[in-house]
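The structure's right below; bear with me while I get my questions together.
The letters A, B, C and D name the chains in turn, as written, and every chain counts its residues from 1.
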Amino acid sequence: MRGTIAVMTKPGELEYQSYDIPTPGPGALVLQILRANVCGSELHVWRGHHPVKKRGGIGHEMVGRVIALGDGVTTDYASQPVKVGDRVVATYFQTCLKCRPCLDGQYNLCDNAYEFFALQPEQAPHFHAGFASHVYIHPRQNFYKVPENIPDSVAASANCALSQVYFGLDRIGVAYGETLVIQGAGGLGLMGAAVAASRGIRVIMIDGVELRLKQAKAFGAAHVINMNDYPTEADRIKAVQDLTNGRGADVGMEVTGVPAAFNEGVRGLVRRGGRYLVMGNLSPGFTIDMDPGLLTRRSVTVMPVDRYDARYLYKALLFLEQHMTRYPFGDLLDASFPLTSVKEALDKSAKREVTRASIICEAA
Amino acid sequence: MRGTIAVMTKPGELEYQSYDIPTPGPGALVLQILRANVCGSELHVWRGHHPVKKRGGIGHEMVGRVIALGDGVTTDYASQPVKVGDRVVATYFQTCLKCRPCLDGQYNLCDNAYEFFALQPEQAPHFHAGFASHVYIHPRQNFYKVPENIPDSVAASANCALSQVYFGLDRIGVAYGETLVIQGAGGLGLMGAAVAASRGIRVIMIDGVELRLKQAKAFGAAHVINMNDYPTEADRIKAVQDLTNGRGADVGMEVTGVPAAFNEGVRGLVRRGGRYLVMGNLSPGFTIDMDPGLLTRRSVTVMPVDRYDARYLYKALLFLEQHMTRYPFGDLLDASFPLTSVKEALDKSAKREVTRASIICEAA
Amino acid sequence: MRGTIAVMTKPGELEYQSYDIPTPGPGALVLQILRANVCGSELHVWRGHHPVKKRGGIGHEMVGRVIALGDGVTTDYASQPVKVGDRVVATYFQTCLKCRPCLDGQYNLCDNAYEFFALQPEQAPHFHAGFASHVYIHPRQNFYKVPENIPDSVAASANCALSQVYFGLDRIGVAYGETLVIQGAGGLGLMGAAVAASRGIRVIMIDGVELRLKQAKAFGAAHVINMNDYPTEADRIKAVQDLTNGRGADVGMEVTGVPAAFNEGVRGLVRRGGRYLVMGNLSPGFTIDMDPGLLTRRSVTVMPVDRYDARYLYKALLFLEQHMTRYPFGDLLDASFPLTSVKEALDKSAKREVTRASIICEAA
Amino acid sequence: MRGTIAVMTKPGELEYQSYDIPTPGPGALVLQILRANVCGSELHVWRGHHPVKKRGGIGHEMVGRVIALGDGVTTDYASQPVKVGDRVVATYFQTCLKCRPCLDGQYNLCDNAYEFFALQPEQAPHFHAGFASHVYIHPRQNFYKVPENIPDSVAASANCALSQVYFGLDRIGVAYGETLVIQGAGGLGLMGAAVAASRGIRVIMIDGVELRLKQAKAFGAAHVINMNDYPTEADRIKAVQDLTNGRGADVGMEVTGVPAAFNEGVRGLVRRGGRYLVMGNLSPGFTIDMDPGLLTRRSVTVMPVDRYDARYLYKALLFLEQHMTRYPFGDLLDASFPLTSVKEALDKSAKREVTRASIICEAA
């Protein structure tokens, strides 16, 4: 049997390739993909901004149904029995357990995370990415069964925004009684608001899009700051300080992807002595004017977090299972496309004609 | 009885004032100063680079002898009995216990730290600084008796470099088995090497002055990198990575005061996923080109630390008491001046004619 | 002007003494007590079970109105301006800042905590305890203004149960997603449920009194286990494990004062590898049969916590201010007595005729 | 080719079985065992004290030479290339990554640790234990190449005492400037002394055997307390408190296997507010009279630690490599036996005729 893969031949261009669906080796499995969502990082690649990735399969937020299990695979990574037909999600990266970061217990920084994800579709086992009919899950990729009450559209992105912010917020350690300011109400920001609000944390969200700020409230933000009403950095710093007895928030979370956001956080959104979780800026090469002396005086600890410990995908699923009715996870997607229209989905997303698109990968 | 205070009337200019020696209020005490050392931060003020301090008493690293105890003062801050004649050191700042950072347990960031230190000599109780015959220690300034085996010249600066790096290294948390790279072999750097080496940590020290690098070895550095041999950032990054299996050090400590050092640390002295303790850059207004996306990719946690929790002055004294023979603390000073020659001491220090000067405040 | 003090002359016996109301020294203040609640630890003393305290003033949970401020007292310990007439609460202990635990930063364990609280009423300044018309607050006792929406009856005990459990739960570190089992639905247990539930933690509460279990639900417990329905240790362990996928709770909190509760927690209420916060057993001399080998195999970390860091009284007030309508704090008291009836209040409490009594100290 | 396994048929009785040496499956490898040391836990089993293990292969501290590599095994767990002939050590347990403790990141508590180690020799792949000619290392057992300067006799037990105490001390967190008291100068205690001393920690060691106390000093203990000179608990508590300004040690480490040691630690070897690492008592069923109220008053945090995170075996090897000349690791063994004399080795060890025995497994 053959499967189909959407392949970005160069930024902005797409073709489809077809390959025999591979048989999973020991410890591996093969999924038929049900749905895969378009993430900001795909657009980044699609626009040609990624420092390395200029060609290849694309898509990493996916949910699928098991069609074949390799030798020794009888349970998921939470010891739940798994069988053909089960709906599962997996991390898009592996955890090799043997590289130096893994030896240090910093599993989210595994040097070999993308050993398979970075392969070209011409390289076996071909099915490395999410905008495809199938995907091959390697032995070191954590996968988990999806609880029944989580629909495909929500499950698809559990392995990205939610796992990411859950891990990031645990790392930075937002304590009860503290205030969190989130820069950016995209997928990461909204999930961050939900995670923090569920812990009783007061969340302030900054964004420039009315709709996203409305969503921010639904996702637990106590206060929203519309950049149209507070157009300058100074305005926004003042607004946050007004909400925090003149101090700034105890913790900041940067998920904008805008380099300038960094200075705004360090200079005043975050209070003196506060902590700043930085996750949105991932592309090297865009510099800002930064003042190290000011950073020391303000004593803001800056913690960048890249990826997440694979165990967090399980926590993310439990979180979704528990809070499906509390937060409108289903409302994040505003457009669906068949697998045959990946280019359209990416182009419209890149042009911001759609906010968050989803690819229905399952054959009709 | 009258005492004398060296007063910087404007950057680079000095006069002496004399005032009646005050009687300490409840919880306070008055010291006759024995010795006060010249610190880099004094030179900073003397050169006019300090953002705020443009006039006033000067000097903060001092050891003195108790001449009067206020009501209720029967012990030091370690519950050791204290009496007139005892030799003591004190923090140059207070810990108010009531401001918001104090309420958060971040005592090193007390908003009112300089409530007294920042007063002008015309304001009672006049004796606020270290280049003077006497100093007034307020109720919220921790002070400790000096162990006998610590000479004045060493005790004088316990309240600055050593307490600072001890606190900083505890905050950043250098674990056994990790490597620490220190940028800058001045007082902070050398003390940092001693503290880390005493914990079994491998220390790499970078500096451009031969003498300081020689001292670095005496203070416990396992490796030194001479900036004359490794003139570029890329050279030094390569040198550190060569010493650390190509990774970079687990932890970096910036104590140079040079803004560009920040980028060097983040870009490669510190390994991906490492931690970076930033203490040297304290003057706002000197910016660098910084790449937030690179910071996230390298996942280096940046922790600036300003001042220290006052309890650390006691730890610093215990450390000195224990290690007086292990590290050449006495060799750090290379010039002594009488109180009447403070200007000369500052000028020569500013011109780098002397490396580390000391003021003998005690009347002949 | 004279004030009145209820003095326990020996366990179970009471007299009243009157003294001139003292003038506060520097840093101190004097309060007219509005209300003081009866705490389990008073009953402990009243019954003669306390290892040391056999005579003296009694009562430590109190709220008062400032009638005199000592020199230098212009704000409370949160830098809020304070004046005569303000309603304040204070810790019943001091933090000396100079003893060895204070030097270690373990302020809750200050060796001199009871330097004043332990004085006899005959010793100046006489007003050391809460069942009295007035109380003297020493310079090292943290005090805070009471937010307006917190009634006297609730404010009175902020300095005990709520501060205690808030501190304890922060020390043991209950993470989001974890389950907390609380042994004992008295004041500590109910406050613990509220604090944990506010953080999104699932709480299981065990007690044998129907009314308390009903309150437990109002204070945020997700599940209650009635000891009448689960009479044996094995029953209760099974019940908790049934609620936690057969594992036991991630964290346990012992606030029963019953020595046997310790084994129950370690043997199975808390999961293997879990953490156990022990605060209820405070009286030495009551031993149990404990199995160290089992403890190691179950790998339960046992953390006893005694008192709290004084800063937590401020956190407790913020918590009450924020949650006055969410949890029925006002329902905890079920009987009020005038200051003239302290013996009756203690006797009835000791006999469990009233659950939680309050002394109205203010003269009619 | 056939291999030989020493099989305990019941406590105190031994026979040898021979099986075909298995071919390793994917991710596995097979070692020819060079040497295996006799550990206290073997004696525990040999004497019939283990709650479960009454029959089977025996021995877990071993070093071997690779004779066959399964599919996909090209490096060890530190990414070092591995080939037939390399000398390696492995954990005696696996880390399944899928059980609940593994999901919690508590890898040392993996529920499936002994899935293979607990198998009977009749069950394939037969070679589960260390007193044998060969051993089968499963895919989830971390293994590492042994640095050249570590002799077989030292490498053999890296996977037990040293990894254990290294992990335990990291978990309890002994800070620089603190004092550690170790109860028991057996293998765990001596390794604990070395690890702590290498971090600049002051170590006090308690034991009743002269030779072991002499070794304690060689392994870094600053003070030793001979139980013959301090025969009672009170004597020893006083001795430790005399060495620690009357307080007790900041941290205690129990590695005696004697239940009563627990009370001694909690009652006074460890200071009020200190921490107590408990690792020696592993057999349930031996109870002591414990006083929970005293525990709370003394506020000693008790942290039992069972096994270790498998990554620590690599840290242990680095530690040995670095410190082979600093500590006399080679002196710990005092008797060697051929594989044909396992019974003699166990009997003599059980009778304490030899202190620490080693089995030379390699055929002559």
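Brief remarks follow.
Just so it is clear, a contact is a pair of C-beta atoms (placed from the backbone, for glycine too) under 8 Å apart; a residue touches a chain by one contact, two chains touch by 3 or more.
Everything numeric in this text was worked out from a predicted model, so none of it was measured.
Annotation of subunit B and subunit D: jointly contacted by A, C, touch as defined at the top.
Should one ask which of A-D and C-D has more C-beta pairs in contact, the pair is C-D. Put simply, the C-alpha centre of subunit C and that of subunit D have 43 angstrom between them. In whole angstrom, the spacing between the mean C-alpha positions of subunit A and subunit D is 42. The multi-chain contact residues of subunit D, meaning those touching 2 or more other chains, are 100, 104.
Taken as a contact graph, with one node per protein chain and an edge wherever two chains touch, the assembly is complete, since every chain touches every other chain. Residues of subunit B touching subunit D in their complex: 170, 175-177, 195, 198-200, 315, 318-319.
Within the complex formed with subunit C, the residues of subunit D that make contact are 100-101, 104, 106, 109, 245, 247, 259, 261-262, 272-273, 278-306. For subunit D in complex with subunit A, the residues that touch the partner chain are 25-27, 71, 75-79, 96-100, 103-105, 142, 309, 311, 314.
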